[in-house]
Amino acid sequence: MSSQRKNGHRRIRLWKPKRTSPGAAPGMITPAEDAMVPRILVTTYDSVFIQELSFTDLQALMVHLDQHPNRINWVELQGFGDRRLLEQFCAAFGIHRLEMEDVINNYQRPKLEDYDDHLFVVTRLLRKNGDDQIRNDQFALFLKQNLVITFQETYDENFDPVRVRLRSGKGHLRSSYADYLTYALLDCAVDHYFPLLEIYGEKLDSLEDELFGKPNRDCLHRIQSLKRELILVRRTVFAERDKVNDMLRTASDLIGDQTKIYLRDTYDHTIQVMDLVESYKEIIASLMEIYLSSVSFRLNQVMKVLAIISTIFIPLTFIVGVYGMNFSSTDPSTGAFLPMNMPELYSPYGYTGVMVFMLVLVIVQLLIFWRKGWLDKS
Amino acid sequence: MSSQRKNGHRRIRLWKPKRTSPGAAPGMITPAEDAMVPRILVTTYDSVFIQELSFTDLQALMVHLDQHPNRINWVELQGFGDRRLLEQFCAAFGIHRLEMEDVINNYQRPKLEDYDDHLFVVTRLLRKNGDDQIRNDQFALFLKQNLVITFQETYDENFDPVRVRLRSGKGHLRSSYADYLTYALLDCAVDHYFPLLEIYGEKLDSLEDELFGKPNRDCLHRIQSLKRELILVRRTVFAERDKVNDMLRTASDLIGDQTKIYLRDTYDHTIQVMDLVESYKEIIASLMEIYLSSVSFRLNQVMKVLAIISTIFIPLTFIVGVYGMNFSSTDPSTGAFLPMNMPELYSPYGYTGVMVFMLVLVIVQLLIFWRKGWLDKS
Amino acid sequence: MSSQRKNGHRRIRLWKPKRTSPGAAPGMITPAEDAMVPRILVTTYDSVFIQELSFTDLQALMVHLDQHPNRINWVELQGFGDRRLLEQFCAAFGIHRLEMEDVINNYQRPKLEDYDDHLFVVTRLLRKNGDDQIRNDQFALFLKQNLVITFQETYDENFDPVRVRLRSGKGHLRSSYADYLTYALLDCAVDHYFPLLEIYGEKLDSLEDELFGKPNRDCLHRIQSLKRELILVRRTVFAERDKVNDMLRTASDLIGDQTKIYLRDTYDHTIQVMDLVESYKEIIASLMEIYLSSVSFRLNQVMKVLAIISTIFIPLTFIVGVYGMNFSSTDPSTGAFLPMNMPELYSPYGYTGVMVFMLVLVIVQLLIFWRKGWLDKS
Amino acid sequence: MSSQRKNGHRRIRLWKPKRTSPGAAPGMITPAEDAMVPRILVTTYDSVFIQELSFTDLQALMVHLDQHPNRINWVELQGFGDRRLLEQFCAAFGIHRLEMEDVINNYQRPKLEDYDDHLFVVTRLLRKNGDDQIRNDQFALFLKQNLVITFQETYDENFDPVRVRLRSGKGHLRSSYADYLTYALLDCAVDHYFPLLEIYGEKLDSLEDELFGKPNRDCLHRIQSLKRELILVRRTVFAERDKVNDMLRTASDLIGDQTKIYLRDTYDHTIQVMDLVESYKEIIASLMEIYLSSVSFRLNQVMKVLAIISTIFIPLTFIVGVYGMNFSSTDPSTGAFLPMNMPELYSPYGYTGVMVFMLVLVIVQLLIFWRKGWLDKS
Amino acid sequence: MSSQRKNGHRRIRLWKPKRTSPGAAPGMITPAEDAMVPRILVTTYDSVFIQELSFTDLQALMVHLDQHPNRINWVELQGFGDRRLLEQFCAAFGIHRLEMEDVINNYQRPKLEDYDDHLFVVTRLLRKNGDDQIRNDQFALFLKQNLVITFQETYDENFDPVRVRLRSGKGHLRSSYADYLTYALLDCAVDHYFPLLEIYGEKLDSLEDELFGKPNRDCLHRIQSLKRELILVRRTVFAERDKVNDMLRTASDLIGDQTKIYLRDTYDHTIQVMDLVESYKEIIASLMEIYLSSVSFRLNQVMKVLAIISTIFIPLTFIVGVYGMNFSSTDPSTGAFLPMNMPELYSPYGYTGVMVFMLVLVIVQLLIFWRKGWLDKS
């Protein structure tokens, strides 16, 4: 999701270019070359029963599903490295080839597609790695009667909290329908925004402190990186909000009224995230302004010191220059005394007088600067 | 609501992170560790009767409520430190666990949730402490037939004016239904924006004066702090406006037409607050521009002084340098007279002539500066 | 509407804080302490009859109104200094206490409230005083069958043109219903925006001229003042536009189709005002940019002069410094001749040579500056 | 449409103040004092017949119109200098006084007013004169059954191309109804935007070239003038677009479906113009930024030269100053030799050594500057 | 699509002025003078049959089409150099003259026009040439029952991928109706945005690197060029999105539900492109800010060096100036010893003392600079 820059900063990528060239046929199911070997996990449950299995063969999976027609089945496909398997999935579960293309073409916007017999939901999972790298995973979900199929590119256990809740049997999860499982998974994805925003909030605060304290060029780098990340987060959460809203308004029977109450909660969360992202965007804009003002401010500081030093010493240097002139008190040819030529040089207190005069000048100048506020710190 | 910065300025927090981790079950009623011990206040009234009681036991409360089925009961729960009690509230009054989670998860947006038998209203109370700290409290309210339940995290007597009006028996409050009490509480919350905006208005005015007078780096701090606070106020009042609008448009029987006339008044107030916040936002943006222009302006001032001093003295210093040169009027080896080598030095009026020439030069330069406007103050 | 600043500039107020504290009962009719003594003017007319009376007693007014049930009655209340009278108005004309609170709470947005038997219209009158102060008066109006009641805080004769038209009996005014009088009054209020905008237009033009000519710090003041005033005008005219639109779309019988044709004309005027205010806002933003660029430009000018002077004289000063060095042509201890130590000083044309060299140097530098365009004016 | 500024630049006017004072009666038909003497042109045509006449008398015109009830009549009134004639027009053709006021009040927004028996269309004609002055003429049109009445303030032959097409009899114009003539006239007005935008495009391009080349203060003038003109064009074309859209959606019989196909083409053109104006607005904003960056850039250039010269010569001047000190190698009172006092001055290669040292210093400094990139052009 | 600038940079054109003058008759089919000689390609296919032919004569084409009434016919006209042929097309296929004018008037916005018996679609093809020039071709399409007619100005084989897919017979293309071919062609056009955006993304990244590294004036050029191109792309893709949306919502039978599923995919792509273009726009705005801050930053660097050198050497130069003064220790006339006149000059360690003092001064100054952070790199 990011590329290394020369100066050690990383830059996130705002998207991943499509692998297909313009004009290619739609619905091409061509996994990436470095796609992971797929694995299939199945959780079959109802309020009194739970079984977790792992399959490598689609046929065995179908047999298993047939055995539990009245239980909820959560089928997870992780890794897209087997094109034949993906096509079998299409055939077995009635997935449109365009949908499967979206599943493996790993940079869709969050969206809901609403079909007669199933819902197709694309979700993005944004979160931070341990090394402060943003991860931007895609998670696709098919909701059918009693069946939830989820697709993930990697084996990441993003949804372990949901799995734990399923196993524990507490709460509504086990006693609800497949739509509630869908809600639980989406809610988990939206919940990941909050720790992310907390990180951004802290970064913005420490940047602000630094900008008011000792700003440096690296701050600008970090402002720009934060801006880029917030552009990505903002774009994603807007689409996410629209998606959840679509789910709330769908006429499909697949999502029950009871679950819609919970989805409304998720919707509230997306609104909260959007509010915060917008606020952060405004704050980042003003951090940029503060940075620019800091650059100007430091220039002012430097110029003030230069101006004070110059303004004090340039006149003094002129004065000592005057008494460094070689006007002669005697005419070299006639030897006549020239009384107008710098008599100060021969006065007993000439030197002392000049030094005292210069001292007074410096004091007067400092007083002027002090009154003009040039000697203040800010 | 705010954190202390190194430079003594405080920074408000734009939100409070959720305590639950991503994927946690929804509707978890887990109070914060430092939550206050709850207390229950009940005000039971109709146009001729008023009684204020305090309960510690929910069962006793329910008995009391059963005794006054035709009176208005205002139940206040202050402090969320007892999870068992909160769950009892859910059970006793038919509050959804998601709603109770919103009540204690202390950073919801203002919103209205409209159910068949009750309305759930979340409101934010923004106001300033004595020490210029913004307080951002949440206030949740359930409106049922003849029953208003309010939830507050602290014992703050934010609604004392309403209590006083209830006790006095004047106005419509005692003779109206529970919806009017709801209106009175919400209106009180919205009213708190006005003194807040008055404070911001005064701050903006004094900042503007300072920026036009003697701007310093601290102004930037204050601009940024105001910006942050206005971001918070703006976000909150937008949601508040939407909420009041939802209440005006609700089809629920719980809010009567008579009360909607009053809510329209509250709606007008939220619009007025929004108008002002938008205006303040524009003014703050221009204060930033004025600050930046002031920084540039001061740089100009400093550079002008430097330029005047330098431009006057650098040529003078050159001239006295000329007459400090040691060109000899006699050839050291031959002793021959070298008449071309600085005869001025031996002229009787050489020194006087140079001094007069330099004086004239200074006067000419000052005239040029004066005509160029460099000697003007601005 | 404005406060005096230290620097002699006035600053308009964007609003007037409410007098009531948060949580106070709604519909409180408490006039300001300095409210004027009320006076009641009544104009009763139809196409053949007109009578202008002045009342101090509401009862006498009611008797008068009863005598002219089929004529149009325009009742004007000017000055809100008598609370009892205001309450009598509420009772006599069926005015809701919230409306009366809006009437005297002198900072409402323009709005239309549409009730079964009357319309309540709040209008703001923005115009300039002779001393360039903006005045922002409120004007509230009740329209009932054959009756128009208007409320103004002061005795200002803002609507004299309408009165004159009424008296003259020309035009539609006398032969139309109360809705047309309402239109005439509102149209008069909207018309006041045009001279205001003309003043702003002229101010912007003269500011622009000054910024391109000789900008000074005072321009920034004036830009900021204009910005503030336009923020106020913009906010007001937006609400005014919405209000007139509401009147065009009202289903109330109180406004006839014929009058709506005229209101559409007023609506066009509010749109025109909004267009102009938006344009002025854009122009003011670019004036700010021009001001900032002017500050930079003047800095450039100053720096260029400094740079030219310094760049010419610093090398010259170095050269004369070289020939001011005291390297001795004789060894003081041995008296030996040291031919390498500054033989130029003893060359017959040393001084002349150095002077010519420096002259050439200056000419070369001036040529370089001229080619670089530093000697250009801009 | 523009006023002369002191610096020779012209400034366009964004509007023309209304002549009537606030509160004046609506529908006042008072021509401007300098209005032109009116002339009436009539073109009567059908697919096989065309006749162009000129009238001075309305009665004769009415007789002519009665003679051709089944032909299309295009009545043009040019010049509004005769109030009586305008009022006769109102009476003869059923024109509302408010409409006639809009016709002569020469600064309306483009708009459509849709009445039962006629449509009233106001259009603005924006184009450039030969001397680069923008002209902003108003053109009002009444469409009735078989009758098109157009009003123009001047005798300008803006619509000659349409007249030529009418005479030639080619195309649809002669064989279509009055709505098609209306379309042809409006389309001609909208077409005028394209050459205007072409001029702006060229101006923007040449400004950009100049800003990247040798920017000067005059560029800022031209940016500001262009901005003002685009503000005017934008405002006008937005209203024009709305107007054409209203015509497309009108339920009036006066515009047939066939003509709406053509109006859709005009609508497309207004959208294209708006797109371009928006693009130009963005480009102008970035030209302003480029100008500001150029000012900073030139300051940098100046400062770099100053810094290089100063940094090279200031240390050198110090060094030669050192050897200009008068420390004596003999004590004047005792005549004792003081070997520590500047023995360099008496060393045989002292002068040469100092000169070489300074040369090395200069070379080292130049190397440092070269490596820092200060000697680069940009 | 672009013009060469003096400095070697190219500037894209935002539009191509219309060739017709204001007021010209609509629907004029006048090809450009340099239009290419037209060629007609026909592809006739169904699921089992495919034939590609080339015609020069419209009559032969019509005969061919009559022979394959139940097959899909894709007629391509490339090159508009023959006005007679274009008019024959209008007649033969029932194309409105306004549509044909749009086809050859080569700068339409993307749009859908929805007629009873056909759809008219205008699409823009944006892509990069090998020499980094943007190409902005227009592509018009008529969809009728079993017939797709496409118009292109040049012989460019933009749609070769679709042709290849047709020939191969794989996928849905051959077995679907004319609407699917339309979809395939439009999708191919939209797909071209992705490589374009990839190029912009890389350019932005490398610009950012350069701005943080060694920014120069050329960067500003490239920022401005990118801005211009993105303005064009943004405008185009917005219209494209609206067009695809119109196709999704059309009630026309010509586009089947099955194809709409595919068009929704295309719609998603336009949304994705818009999202990215918006993100790029924001990034470009911040690149401008970074550029401006870099200019300021470099000025700071230069000024800091100047200030350090000046502040160190100016006082030193003053000191050596002091000891260059010629105050005499003997009165030239009396020969009296003047002990107050610069006794340092005759002190044995005077010179050493001064040198040491200056060294200490330099060290102290460097320490101060170091503590102020002036010696840091940033």
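Each chain gets a letter, A, B, C, D and E, in the order it is written, and its residues are counted from 1.
Keep in mind that, in the parts below, contacts are C-beta pairs under 8 Å (C-beta built on N, C-alpha and C of every residue); 3 or more make two chains touch, one makes a residue touch a chain.
The structure presented is a predicted model; accordingly, all values stated were derived computationally and were not measured.
Common neighbours of chain D and chain E: there are none. Between chain C and chain E, the superposing rotation on Cα atoms measures out at 145°, rounded to the nearest 5.
Look at the contact of chain C with chain D and you find different residues on each copy: under half of the numbers used there are shared.
Centre-to-centre spacing of chain A and chain D amounts to 40 Å, using the average Cα coordinate of each chain. Mean C-alpha positions place chain B and chain C at a centre distance of 25 Å.
In chain C, 292, 296, 299, 303, 306, 310, 314, 317, 321, 324-326, 342 are the positions where the chain touches two or more neighbouring chains simultaneously. Shown here, the protein chains touch around one cycle, each chain meeting exactly two partners. Touching chain E in their complex are the following residues of chain A: 3, 5-7, 11, 13-15, 17-18, 20-27, 96, 98, 102, 107-109, 111, 113, 214, 216-218, 220-221, 224, 227-228, 231-232, 235, 288, 291-292, 295-296, 298-299, 302-303, 305-306, 309-310, 313-314, 316-317, 320-321, 323-326, 329-330, 337, 342, 344-352, 354.
Those residues of chain B whose C-beta lies close enough to touch chain C in the complex are 159-162, 165, 170-173, 184, 187-189, 191-192, 194-195, 197-198, 201, 205, 208-209, 212-213, 261-262, 264-265, 268, 271-272, 275-276, 278-279, 282-283, 286, 289-290, 292-293, 296-297, 299-300, 303-304, 306-307, 310-311, 314-315, 317-318, 321-322, 324-328, 331-333, 338, 340-342, 373-374, 376, 378.
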